[in-house]
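Have a look at this one before I ask anything.
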Amino acid sequence: MLEEMKERVCDGNIALAEHDLVIFTWGNLSEIDFDKRVVGIKPSGVSFQELEPKDIVLLDLEGRVLEGSKRSSSDTPTHLEIYRNFPEVKAIVHTHSTHATAFAQAMKEIECFGTTHADHFYGSVPVTRKLKAEEIVNDYEANTGKVIVECLKEKGIDPLEVPACLVANHGPFVFGESAEKAVENAVVLEQVARMNLETLKTNSGVKPIDSALLDKHFLRKHGKNAYYGQPKSQGD
Amino acid sequence: MLEEMKERVCDGNIALAEHDLVIFTWGNLSEIDFDKRVVGIKPSGVSFQELEPKDIVLLDLEGRVLEGSKRSSSDTPTHLEIYRNFPEVKAIVHTHSTHATAFAQAMKEIECFGTTHADHFYGSVPVTRKLKAEEIVNDYEANTGKVIVECLKEKGIDPLEVPACLVANHGPFVFGESAEKAVENAVVLEQVARMNLETLKTNSGVKPIDSALLDKHFLRKHGKNAYYGQPKSQGD
Amino acid sequence: MLEEMKERVCDGNIALAEHDLVIFTWGNLSEIDFDKRVVGIKPSGVSFQELEPKDIVLLDLEGRVLEGSKRSSSDTPTHLEIYRNFPEVKAIVHTHSTHATAFAQAMKEIECFGTTHADHFYGSVPVTRKLKAEEIVNDYEANTGKVIVECLKEKGIDPLEVPACLVANHGPFVFGESAEKAVENAVVLEQVARMNLETLKTNSGVKPIDSALLDKHFLRKHGKNAYYGQPKSQGD
Amino acid sequence: MLEEMKERVCDGNIALAEHDLVIFTWGNLSEIDFDKRVVGIKPSGVSFQELEPKDIVLLDLEGRVLEGSKRSSSDTPTHLEIYRNFPEVKAIVHTHSTHATAFAQAMKEIECFGTTHADHFYGSVPVTRKLKAEEIVNDYEANTGKVIVECLKEKGIDPLEVPACLVANHGPFVFGESAEKAVENAVVLEQVARMNLETLKTNSGVKPIDSALLDKHFLRKHGKNAYYGQPKSQGD
């Protein structure tokens, strides 16, 4: 079971590079087995090209290493903070993908301008407040997790309904109910951010879509009345 | 014959992915045999990589399934509405391609700024009005088709002369006299939208081209006096 | 000798597609043997993927076909007009490459903002005037050549020193002392146009570079005092 | 040892092309063995595709050729000027990469808008003053090196802490403690420049990040208290 987790975490990290979301050693993906209270995460500073399942570091929710000879991603405390607060989140992706990072650097929410966004994110993708100097100097990575949690809770966001949060001056953290889904959401986030910017260039006065359209698109793909895709019984 | 249609529809859908117009399961292509009153369309939520001719769903013009075990694209009612109103349209493509979608999200027509556009679209590519809340809540996909039909008819547009329509807040639907031609038009639409945006960045006051130039370029490639390409008798 | 010309013209046309300067059947390359008064050019509407040397059409400078069973590019009269007026031009490329076409559509010169431009183009890349309605209706393609010639002559431009001209509302025509060089110039033109636009976004008040820098970069690569690259005797 | 240097310099130059930082013969990489006082550099005007270790030219710090039958890069005097002034710089890359060059052409610093930048560059990437006409006419390439040195010294920049400098109207020169690191810094510089431009489009009033965040990200990867990546003893 944990061998399978290491394979999924390894595959998911490699997928980030294949989707051109990360270069060099930037970015990482983790997955949690909440029942076993085990998190699997990318080791720090290892290139995606060289990554193997045996490199994946396993930790408990307090950050104690359970298995693995390498140092875990420097962003590990950020992931753990999110998992501890949102048990529904089963996987987390962090990238510096170009357009999502531009919004994070600009400290602007990604507003919902169309159905591509609404199909995957149930409203604006939020941006955290900036960290204070003292939050940066001590426990920076844990505090990064804390401002994400604070941002989502203050806005009442369900991290599986709006499965991404931009950290101000930094970049996106993306969530999913599985490693595969978190990767997909990270790909979509980058594309939605890119189209959002192009939309603003075409019409700087554009407004977010109406709530009826947002509801329609998000809910036809998610939740109990979804009718997009094949019925689950078909194994699709 | 219908086996050939399923192959063409499958190939056309795969071509959308190869031309980078779609990612994941976004987008779809259908074709109609108007004499037989049969429409072939992509199944819902199936990835382009895994698509096979046997997956293509065959329906009549009222949406009754004639053949196929999978659920058809959730956009099926949109396609059928267009086919019912424009018998000259033999194939329809829907994508969320980046720049065409930006115009749809911005609710701006794609004006004709040059001969690349004029070679394929005989004037501005229109954008529909927004759907009303009640049109979204009930029969959303059929109503999407209805606003496309309304838009084209109000503007007196022949969907083979201007073979695309942007749905507000959503993305492009593209038409063709064949599946292959509809794919080509979708590729050109994306490129024309991209160049249109770059043109506006270079000169925000640019005006559409003169009608003489629009006529020249469209009509040297289309209609009975066309002289672009090889004579048809050469099989080119 | 003419077989070699057909191979070079075929290779040059294929190179346009490989460099992502053309899609589908857009664009074309021709070469002239001025002594023999023979022009080789791409056939009309044939895809770059399928092009073979035997498809290349050979014509004289008045446009009479000397060899080849296919119809020559619809832009043939444009090429011939340029060759008749500028005997130093040995090859011509026409593309609808994205950023160069954006400048043509915007009817803006591509000013020289840096040494990349100055290494290949000895000053601004000019844009023609718009064609008049009567020039479009009759002999459109020949008149396109005439406005290019008019533009270069009025500005006193040597087409090997500034080896490109943007046709208003249309796209670039690019020149070279050989087919290979014309392709290279077309690649550089697109990159220079792209960087020019990014430069303007970074600083909308940017000015063209000083003439001393323009002279230095152009003349260290071109003309009798060039010192860039390997000495010719080394066959480099 | 010098054979190994020629291999590293050859590989580094080829990597520039593989990372899409250079096209044709634009750009070059050199490395220095400061103890032996030998610099290895790309030959002038040779394409990256054809480059072999035996083509690399070896020179002393005064520019006298020690080994190699080809003419060295025309930018050689620029590289030597930098090496003579900054012994800590062990490798130099010069490219015309799209977005970094746009900033150089626009004569704008690349300000630090996020942690991607801060992970690699400890503050703004500076831009030199323009060269004067007399500096261009005589000893242009050496004077290019001199304005880089002047720029870094006036601003008190350590070229391994901010390992790049934009030459006004020209493009970036990038530094590293090894050839491999200089290539990496050139890739990151282009990506940071691209994200910087997208950030400004999203929010034209964005400010550089706080010094606490800059310190945190740069110093967790560089210097004696770095904790990013694997411990050196692990050979990672």
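Each chain gets a letter, A, B, C and D, in the order it is written, and its residues are counted from 1.
The rule is simple: a residue touches a chain if its C-beta (ideal position, glycine included) is under 8 Å from a C-beta of that chain, and two chains touch if they have at least 3 such contacts.
The shown structure was predicted, so the numbers you read here are calculated from the model rather than taken from an experiment.
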| item | value |
| --- | --- |
| Between chain B and chain D, the fewest steps along chains that touch one another | 2 |
| Cα superposition angle of chain A on its copy chain D, in degrees to the nearest 5 | 90 |
| Averaged-CA centre spacing for the pair chain D and chain C, given as whole angstrom | 33 |
| Rounded Å distance, chain A centre to chain C centre (Cα mean) | 47 |
| Where chain B touches two or more other chains, by residue | 200-201 |
| Inter-chain touch pairs (all) | A-B, A-D, B-C, C-D |
| Residue ranges of chain A in contact with chain D within the complex | 23-26, 43-46, 70-71, 74, 96, 98-99, 101-108, 130-131, 133, 136-137, 140, 169-171, 197, 200-201 |
| Parts of chain A lying in touch with chain B, wherever the complex brings them together | 113-116, 119, 184, 187-188, 191, 194-196, 198-203, 206, 209-210, 212-213, 216, 220, 227-231, 234, 236 |
